[in-house]
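Here come two complexes built around chain A, the first alongside chain B, the second alongside chain C.
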Partner chain A sequence: MATYSIPVGPLHVALEEPMYFRVDIEGETVKGLEISAGHVHRGMESLALQRNYFQNITLTERLCSLCSNSHPCTYCMAVENVAGIDIPERARYLRVMADEIKRLASNLFNVGIMAHTIGFNSLFMHVMEIREQAQDIKEGVYGNRMDLAANCIGGVKYDLDDGIESFLRTQLEEMKRPLDEIYQIYAKDPLITARTKGIGILPKKDAVRLGVVGPVARGSGIAYDVRDKAPYSAYDQLSFTVQTEEAADVRSRALVRLREAMDAISLMEQCLERMPKGPTVPDCLPEIPPGQSVARSEAPRGELIYYLKSDGTDRPQRLKWRVPTYMNWEALHAMMHNCKISDIPLIINSIDPCISCTER
Partner chain B sequence: MSTKTTDSPFESIFPDRTIVHTTDSNGNIFGWLALPSAAALPETAKRLAAHGARLCAITAFNEEKFSCGGNMELVYNFDLDGAVLNVSIPVTPDDRCVPSLVNDFTNADWHEREFAELFEVKLTGRDAPKRLFLDPDIDSGVFNRLIPLSSMMNGASTKRLWETIFAETSMPDWAKEAK
Partner chain C sequence: MLPFLKILVRNIIKGPATEAFPFGDTFTPKRLRGRAELNPERCLACGICSHVCAGGAIAMTESADGRGMEFRLWHNTCTFCGLCEHYCPANAITMTNDWHLSHEQSEKYTCCEVQFVEYPVCKRCGKRMLPHLHQRLAKGLVGAVNTAEIMQICPDCRRLTSAMQQIKSKTCFSTDRSNS
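After this line comes the complex of A and B, so read on.
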């Protein structure tokens, strides 16, 4: 049978952001893959060296839209770690709330796109309708539907009053039932199952070898979640399950994301119940001393890590971050081996790729 | 970060090395291991791999922030069941070469390709790494150069950009005038 190569990207209708895949095909079967990145590299780590610690909160928030809370939050944690800043108890819970509302919206977006890719457009619209409620929460609480501007060094820049708390509780309650309904569809619908079960398999041993993170790892049976293994903010005070699946396919990754979206609602409700009254920022901040620190969080796509090196000035000597998608690209080689051409968009979507994050 | 010396999983892996431990405000453990030279890295990595550690990230930086060709440092972050070990190695101007970790940590590939292209650091023990992000037309080691913020954000190069586009595009005169 003849072998030939097809280009997918860098600009392609199935890709929301530019990435180039050269796929080697034999008949309808994928036999090889080459990934070329670099189409939206912005040099943001270099920009960060030329901005002060406060300005970098704004910069990191603009790395990517879907994880736009994880970046400034983890960056602030790295600064707090190097300077020994303890954030107020109330701010810990408010950081969890901002993280979880973003996780809810991000995961629903991904599984919604999966339905669209399959051609199940009524489900896509159903999911996006539920996600719209998460967007309403963001707009109502933070005044913005994507960049929440929730974090500052030492705490958070927002607080909840009784009116907003009541609005939040109502919105979260209203999302539970429809979320449960769509979970059942993703888990049991024959059309979804036929297109996602046994597709894009990433065996656990390959997941370990490649160091994948987030729902991609958990969908392959690796029970690793930074919120559980190395808790930050108020996660050590809250109850949640590290969601895993064993089948390691596209369906597994979608189910993990959906259950984590449901957990996000529970975590936000727990925050509302347990959050103490009090300040949201410290009375004063120390100067940033020379030194180095690391901070990690569980972004919607997995482990996000920041490394900060300070030389004692008001600007970092080095600020480096590694996003979850960065670790997940190479897994496509394993997932797409011997898959059909028609499954390529579905498999790529199943790692929930974020190219603006990857390339910075 | 506060200093801490107990409960670290790294003490038993490296009984022969001095690791400084710190914790964050949640009690998470960070170990800091400074190796005397890049030559000690492969053996360190092998021990970590044998204990099931995962490579999280690699950061390269110049000791003098905007120097070019001076002393550098590479910091490798490894996770071991929730604790992070940060292993640093010096890179000197005379020997800008470090051993690759791809044999022990497959996922080192992208990290190594990135710092090789941004900082012009050479790697041993693997094939010459392909460019990861930057176009081959861009000089390697671009991260070593100070590029003023205004240039980086195109604020100082807008005119040249359009002049280049006009010169290389068969654009009708009326369109050029409109610009």
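After this line comes the complex of A and C, so read on.
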């Protein structure tokens, strides 16, 4: 059979962001893959060194739109670690809330796009409509549909009042039933299962070898979640299960994401129940001494690590981040081995790639 | 397809979920971070807002005659992060929920929030001074001398007052703690 290479990307109908794949094909089957990145490099690590600690809160929030809360949150944690700042109790819960609403919307977006890639557009629209309620929460509570601007060094910038709290409770309650409903569809619908079951398999052994993180790891049966392994904010006070699936295919990753979206609602409700009253920020400006620190968190796409080196000035000497997608890229080689051409977009989407934060 | 059919029918009966905007009204939440606004009466010209602004959207220029400071916030450079509002010690900046910022290309250099923050005048020598003392006084940070008096005089005259007071009194203390 003839072997030839086809390009997928950097601009492609099924890819939401630019990435170039050179795929070697034998008939309809993928035999080799080469990934090249760098189309949206913006030099943000360098930009961060030219901005002071406050400005970097905003800059890191612009790294990626879907994990936009995880970045400033982890950045602030890194700064707090180096400065020895303990954030107020109430701020811990408020940080969890901001993290979880983003996880909810991000995971729904990914499974929605999956339906779109399959060609099931009515389901895609339906999922996006459910996600719209999460967007309403973000806009109503935080003031923006994507960038929550919830974090600041030493705490959070926002607070809840009675009106906002009851708005939150109603919105969350309203999302529960539709979420259960679409979970059943993703799990059982013959059209969805036909396209996703047994596709893009990443065996547990390979997942461990490649060090994948987030729903990609959990979809391959690895129960690794930073919220559970090294709790930050108020996660040690809240109860949730680390969601895993054993089939290691596109479908398992989608189911993990959907169950995490449901957990996000429960986590936010727990926060509303347990959140103590009190301040949300310290009342003085922080002083950042020289030193180094690391902070990590569970972004919607997996473990996110921030490294900070300070030299006592008002700008970081070095700020570096290891984003979840960076770890998951390599797994595409394993997932796409011997797959069909038509499954390429589905498999790429199943790692929920975020190119803007990988290339920053 | 079958499990979805029920939802599909329900959605069709429910009708469109999108809003009628721009032909009809749309909902704007109270907390939406939109166009930033400055209240020049409250501003202390301290500059913390432009210090924290990642976009570099805030420019503060002292007027040539020293009468005050021009505060200019470029809406087109603003990222609507709200850090300026959060860190402003005097609550002078507010993110309003007005998001109607579209404008003609010809207005791109004027689409700004421009305010003039007038410096208070020293009651004694007539010199202009930074307005930060009001704030300090409000917080009770300067309390050693007659506050009503010191609020209306500039740092030079304050130093003089302080020196005169120290000549009168036996104990030495500094009245000007504006740098502390």
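Assume the second predicted complex is superposed on the first by the 358 of 360 C-alpha atoms of A that agree within 3 Å, B and C clash if a C-alpha of one lies under 4 Å from a C-alpha of the other, contacts with A are read in each partner's own complex, and residues count from 1 in each chain.
Note that in this section a residue touches a chain if its C-beta (ideal position, glycine included) is under 8 Å from a C-beta of that chain, and two chains touch if they have at least 3 such contacts.
This one's a predicted model, so the numbers in the text were calculated from it and none came from an experiment.
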Is this a clash or a fit when chain B and chain C both end up on chain A? fit
Touching A:263, do we find chain B (first), chain C (second), both, or neither? neither
A:225 in the overlay: touching chain B, chain C, both, or neither? Say first, second, both or neither. neither
Which of the two partners, first being chain B and second being chain C, lies in contact with A:343: first, second, both, or neither? neither
Quick check for you: in the superposed arrangement, does A:188 touch first (chain B), second (chain C), both or neither? second
Could you look at A:311 and tell me whether it touches chain B, chain C, both or neither (first, second, both, neither)? first
Tell me the contact category for A:50 with respect to chain B and chain C: first, second, both or neither. first
Tell me which partner A:359 touches in the superposition: chain B (first), chain C (second), both or neither. first
Given the touch rule stated above, what does A:132 touch, chain B (first), chain C (second), both, or neither? second
Per residue count on chain A, the busier partner among chain B and chain C is B
With the two structures placed on a shared chain A, what shortest C-alpha distance in Å links chain B and chain C? 11
So, in the complex, the side of chain C touching chain A is made of residues 1-4, 7-8, 11, 17, 29, 31-33, 51-55, 79-83, 86-87, 95, 97
The chain B residues in contact with chain A across the complex are 1-2, 24-26, 28, 30, 32, 54-57, 59, 61, 65, 75, 77, 79, 81-84, 86, 105-107, 109-111, 131-135, 143, 147, 149, 152-153
Interface with chain C, chain A side, in the complex: residues 51-52, 54-59, 61-62, 120, 122-123, 126, 129, 132, 139-144, 147, 149, 152, 157, 164, 181, 184-185, 188-191, 285
List of chain A residues in touch with chain B within their complex: 37-38, 41, 43, 45-47, 49-50, 77, 80-82, 84-87, 208-211, 229-232, 236, 291-296, 303, 305, 307, 309, 311, 317-318, 320, 322, 326-327, 329-330, 359
